[in-house]
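See the structures that follow.
Okay, so chain A shows up in both of these, paired with chain B first and chain C after.
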Partner chain A sequence: MNKNINNMYPYFFLIPAILIYGTFFLVPTALSFFYSFTWWTLTDWEFIGFDNFIQFFQEPSLRIGFRNTLIFAFTTMGGKVILGLALAVFLTSKIRNKDLLRSIVFFPALLSTIAVGYTFSSMMHPTKGVINTILSFFGITGPNWLGNPDIALLSVAMTDIWKGVGIATVIFIAGLMAIPTHYYEALKIDGGNALQAFWHITLPLSRPAMNTVIILALIGGLRTFDLVWAMTGGGPGFSTDLLASIVYKQYAAGFFGLSTAGNVLLFLFVAMVAFPIFKFINRKEVDL
Partner chain B sequence: MIKRQRHWVLFFLVTFIAMVLLAACGGGYSEETSGDAGGDTGSDSGEAVELSMLVSETAMDDPGFVAVLDAIEKDLNMKTNVEVRPGGPEGENVVKTRLATGDMADLVLFNSGSLLMALNPSQYFVDLSEEPFMDNVMDSYKEVVSSNDQVFGIPAKSSQVGAWLYNKKVYQELGLEVPRTWDELMANNEKIKEAGKTAVITTYGEAWTSQLPILADFYNVQAEVANFADDYTNGEAKFANTPEAQRGFERIQEIHEKGYQNEDYTVATYDQGMQMIAEGTGAHYPMLTQVLPIIEENYPDLVDDIGVFPQPSDDPETNGLTTWMPDAIMINKEAENVDAAKKWLDYFISDKGIAAYESKAKSIGPYVLKDVELPEDSYAAVEEMQVYFEEGNIAPALEFVSPIKGPNLPQICTSVGSGTMTAAEAAAMYDDDVEKQAKQLGLDWD
Partner chain C sequence: MRANVISQINEQQQQEELIQARKRSSRRMLILETLGVLVALTFFGIPFYFVLINSFKDRAGASLLNLSFPENFQFLRNYKEVLTLNDGVVLRAFMNSTIITVLSLTTIIIICSMAAFVIARRSGLAKKLNYVILIGLMIPPSIVPTIWLLQGMGLFKTFPGIISLEAGLHFSFACLLYTAFVGTIPKELDEAALMDGCGPFNLFFRVIFPLLKPVTSTVIVLSSIQIYNDFENMLYFFPGADNATVQLTLYNFTGIYGTEYHLLFADVLLISIPPLILFIFFNKKIVDGMTAGAVKG
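For the complex of A and B:
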């Protein structure tokens, strides 16, 4: 009897969590899967099978959307990993004002994405923007950062890297601090130089941190919406449309069933890209 | 013992937070939207009647509108509690969601025409067709706020046109004349370009502004293909196989190819466009005349330098304005005090209401109310428009005669206008977009 109560006791504590999880996560997820198969006006719905999915795949800008989403996710991920690691190595080295410098790197992460988007889009104005004004001072004619369809997506990606690199750096710093110093001491005794220290100790042993950064940046990049929307609105034309912005535009046009179907596909797409990569990089992790 | 107590405290705390969260979900805006339940509709009682109203963000920038609200408060003893929503697609979604959840304000300011039809108005708004004050409203306006013989709204301001705004000083300086054909317009553009000014102001920084050359072309389309709007609604006429309709996209393409746009056209904003047309650094701005009051506010000395002419067609005999009907004010069926709301509407379009509006703002086109004349101090551009109205050379824009408007038109137009898509591709793409919209509206196109 007494034993039984003790067994029940921990489950009892799960109720609030299950309630919250069920109401805010399970129910909406199930509902969105359901509504993706309907013609839905918020008040009425009608079951229409796979029509929404077929329609979504016929979306004219969809191919641009898939391509842009992948380019954006991998560019920003790469930028955050490389810059984040470089900054982390710099900020864990023997420099003065370390704390101040670390704070400065982290500041952009604290800003609102929309505010960052608007600020950068005004800075990237082709004739009046700060960036091109400075470039012209050195005699360089800067490009039309957001107006040229060929580079607009990369301009947004650069902004995203600037904004997200702070978090990547913090994760890397934590990872680097966890590397025991005796490895470096051993290397020093063997006569290794700084480059070897980085290559043979820092890089392999910061693997767990790097994996976290890769996965976070990749998933974040795949479903990015706010920054692109604030900076270009998917334009010029359809040139910076991402999957998430296509879904948003359909929702905004009142195609609720269709945009829900798009969201379900986005979910599957993110899972399809992220899971194999997660598996792959986790295999390569080593113990400290 | 103490440890166990702490567990219980934690448990109750978590449950409590969960309950509060759940309760908050259902609550929403109930506080703001409930009108005064007193049921009083007149001004004779001491306590003011309160009505809630949902408007788009630009409405409160119109001093005329605010002046009418003040007059209603003073004369009818009715207080209007205004809630502001965003404009554009975001705002449409706010309206749709709040209607669907039964959480709407008593009075709703929303677009007329195709966007209103997409809301399924008979389900949500009070039918005003039997109200005596509706006799003051012109039939042409009633058409764009009606479905199934029911009429849902009153005009929130005057009508306006989508046309070519031009800077008269630039025209004088270069000795240009108002064009009657597209070729004449392009010849003017060439001279303006040679003079080192921007011929056609283009502001793709705000994508919706890109649609004007095609929307304003509808008078010309209708003059050539009289049945276009009906056939288009029924899915029989397409932009891609109607050369007159596709011409609108071609015009956008031509402007781009000849290099008449401002240098920063891909990112320039609506405000920058207004500044350019007012200061004369740009000579033409295809736009809605709703910009006039904003230009007046920012550049009061320059507003009368701006004139307006219709988008020219290829035929000098076809020369008329494409008009936009004003937004509508509707009463929510669920409003607590429908009678008070009707009095509110009655006052809004009465002589007193118009007088209150005009005391603070000028109209951007002729009124759609019977027997309301434009005041003498109208904008120069509006006086220029008046001639076309008097001669009957006007046609409502396509979005007022058909319930369908494809949501991707702004992006398609910016693609054509920045040279990444041809007019023919754009027309085909827009036809697909329109078909999707028709499916969502439940139109039978098969």
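For the complex of A and C:
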């Protein structure tokens, strides 16, 4: 019987998936490990060992990508976790209009990153932009958001948080709704206040949702390309260049081997950040 | 007697305090609600209003980048100009994006549901495939080798190329959603089908696939938004003027001679219409799918 039932799940059902996923994702990924060690013109290649990687770690304009990528990924992750959790707590409380507010917060997630990038870079114009005009109304002189190399990366990160916080909020809302209400009732009977409820019930029991948000935000942040491309193009200087935009620049300049090496570094970077966190949080996950 | 009176007074006081506290908390709630709506409107409303109002202005008005009402209201002219620019490149882009989105979605649904069915039902080798699929969820696509491969197959800058590529890159996410869902369908159904002399094709396409409807609609909504909004892959793997897709049309209005903001914002609004429609009709579905996919995947 058991043998027969397995015939109902033939392996050839996997063939279309293997063909497409294999050809268009797995094979190029495997090839990139080889070509990252070459001087490559697409028609011709020459094996040069670790030269591409050495160049990546020696040239300041390339090396800065690592620092920026880490800052960007962790800033946006932190912002999405904190704001997302705060919004979720607010939007699961007994307020009216919460459906409308949830929709408003979530909608930016559906918009194209490029459109959002162009809109925010116009709003961040140093003299006439909407953000600084509003700030000057309160007597604050706003900075040159995208023109100042010290804060440009954070300005891009803030835009990313604006666009992505809705997804984090929705995930947190799902997590909070899964917490049984009798925990809160028990705490109330014992005389606990709202802060204690948040600290001792909401925070620990929203761990699974938080882990999901952390993983999604970190992977997304490490891979970001289009937002930087639309807002700053990596400038001023190289102050907002992320690994993914460096990969594009090297590709556009015709340095295919170097670009592929950057791609491989990006894989390793994502894996190095994602896998340990993945393992760590799976170990510590609390069951409801 | 005295003690009784005191306790009565105490009770009254407590009750009054309770009522006061309730009033206070309901007033606090109202303030909190108003504040919440105001903050949401400021942070999320202003960018939308900004784009909308500037797409109605003339070139000079929009270049001021402010929130004032248009002095020169030219709604029709701006939108007409965007749609007819460069022999209607925006309309062509809409066509191209629609074709790519619909065909890659169809491919994703077929290959992912079939694969997930086998992976979820079989033990052993198929389970190990899950790790290979997880890689695709994390690791970004490699750019130049993919281009090289596409060129070698004669698929670079072609519709079949970009469609297969999008299907390949979105395979992992949809497959994991499907695998989790197939696990909730009882195996007794398969056994019954086997008893009735059903083959694997009939079992899958006539029994299982219709039951997968909830995931299929989640995949349709989430993947179509991702593919429609895709910029990076189109930039790398589908370049060329004839191959314009909606996200790349925004490029047309930012040039070395300055940005034509009135047209840029009109285009931003135009390309946001399909997600907006999807949002209006599938709001709940999107949110459910998002949470289901995120928390289980």
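What to note about this one:
Definition applied: the second predicted complex is superposed on the first by the 277 of 288 C-alpha atoms of A that agree within 3 Å, B and C clash if a C-alpha of one lies under 4 Å from a C-alpha of the other, contacts with A are read in each partner's own complex, and residues count from 1 in each chain.
FYI, a contact is a pair of C-beta atoms (placed from the backbone, for glycine too) under 8 Å apart; a residue touches a chain by one contact, two chains touch by 3 or more.
Quick caveat, the model's predicted, so the values are computed rather than measured.
After overlaying the two complexes on the shared chain, residue contacts for A:I20 are found with chain B and with chain C alike. By the touch criterion stated above, A:P60 is placed in contact with chain B alone, chain C being left untouched.
In the superposition on chain A, A:A253 makes contact with chain B only, while chain C stays out of contact range. In the superposition on chain A, A:Y118 contacts chain C only, with no contact to chain B.
Of the two partner chains, chain C is the only one touched by A:N263; chain B is not.
Of the two partner chains placed around the shared chain by superposition, chain B is the only one that A:L146 touches, whereas chain C remains out of contact. Looking at the shared chain after the overlay, A:P126 reaches chain B, while chain C stays out of its contact range.
Of the two partner chains placed by the overlay, only chain B lies in contact with A:G237; chain C stays clear of it. Put simply, more of the residues of chain A are touched by C, taking chain B and chain C as the two choices.
After overlaying the two complexes on the shared chain, residue contacts for A:I71 are found with neither chain B nor chain C.
When both complexes are aligned on chain A by C-alpha atoms, chain A residues 13, 16-17, 20, 23-24, 42, 125, 128, 251 touch chain B in the first and chain C in the second.
Only residues 29, 32-33, 36-37, 40-41, 43-47, 50-51, 64-67, 107, 110-112, 114-115, 117-119, 121-122, 126, 129, 132-133, 135-149, 151, 164-165, 167-169, 171-172, 175, 187, 190-191, 193-194, 200, 203-204, 225, 228-229, 231-232, 235-236, 246-247, 250, 254, 259, 261, 264-265, 268, 271-272, 275-276, 278-279, 283, 286-287, 290-291, 294-295 of chain C touch chain A when the two sit together in their complex. On the side of chain B, the complex with chain A involves touching residues 7, 11, 14-15, 17-18, 21-22, 88-90, 92-93, 96-97, 99-101, 118, 120, 123, 204, 207, 263-267, 407-408, 411-412, 414-415, 418, 420-421, 429, 432-433, 436-437, 439-440, 442. Residues 4-11, 13-14, 16-18, 20-21, 23-29, 31-32, 35, 40, 42, 90, 94-97, 101-108, 110-116, 118-120, 122-123, 125, 128-130, 133, 162, 167, 170-171, 173-175, 208-209, 212, 216, 219, 223, 225-226, 229-230, 244, 247-248, 251, 256, 259-260, 263-264, 266-267, 270-271, 274 of chain A are the ones that touch chain C when the two sit in their complex. Contact residues of chain A toward chain B in the complex are 12-13, 15-17, 19-20, 23-24, 39, 41-43, 55, 58, 60-61, 121, 124-128, 144, 146-149, 233-239, 249-255, 258.
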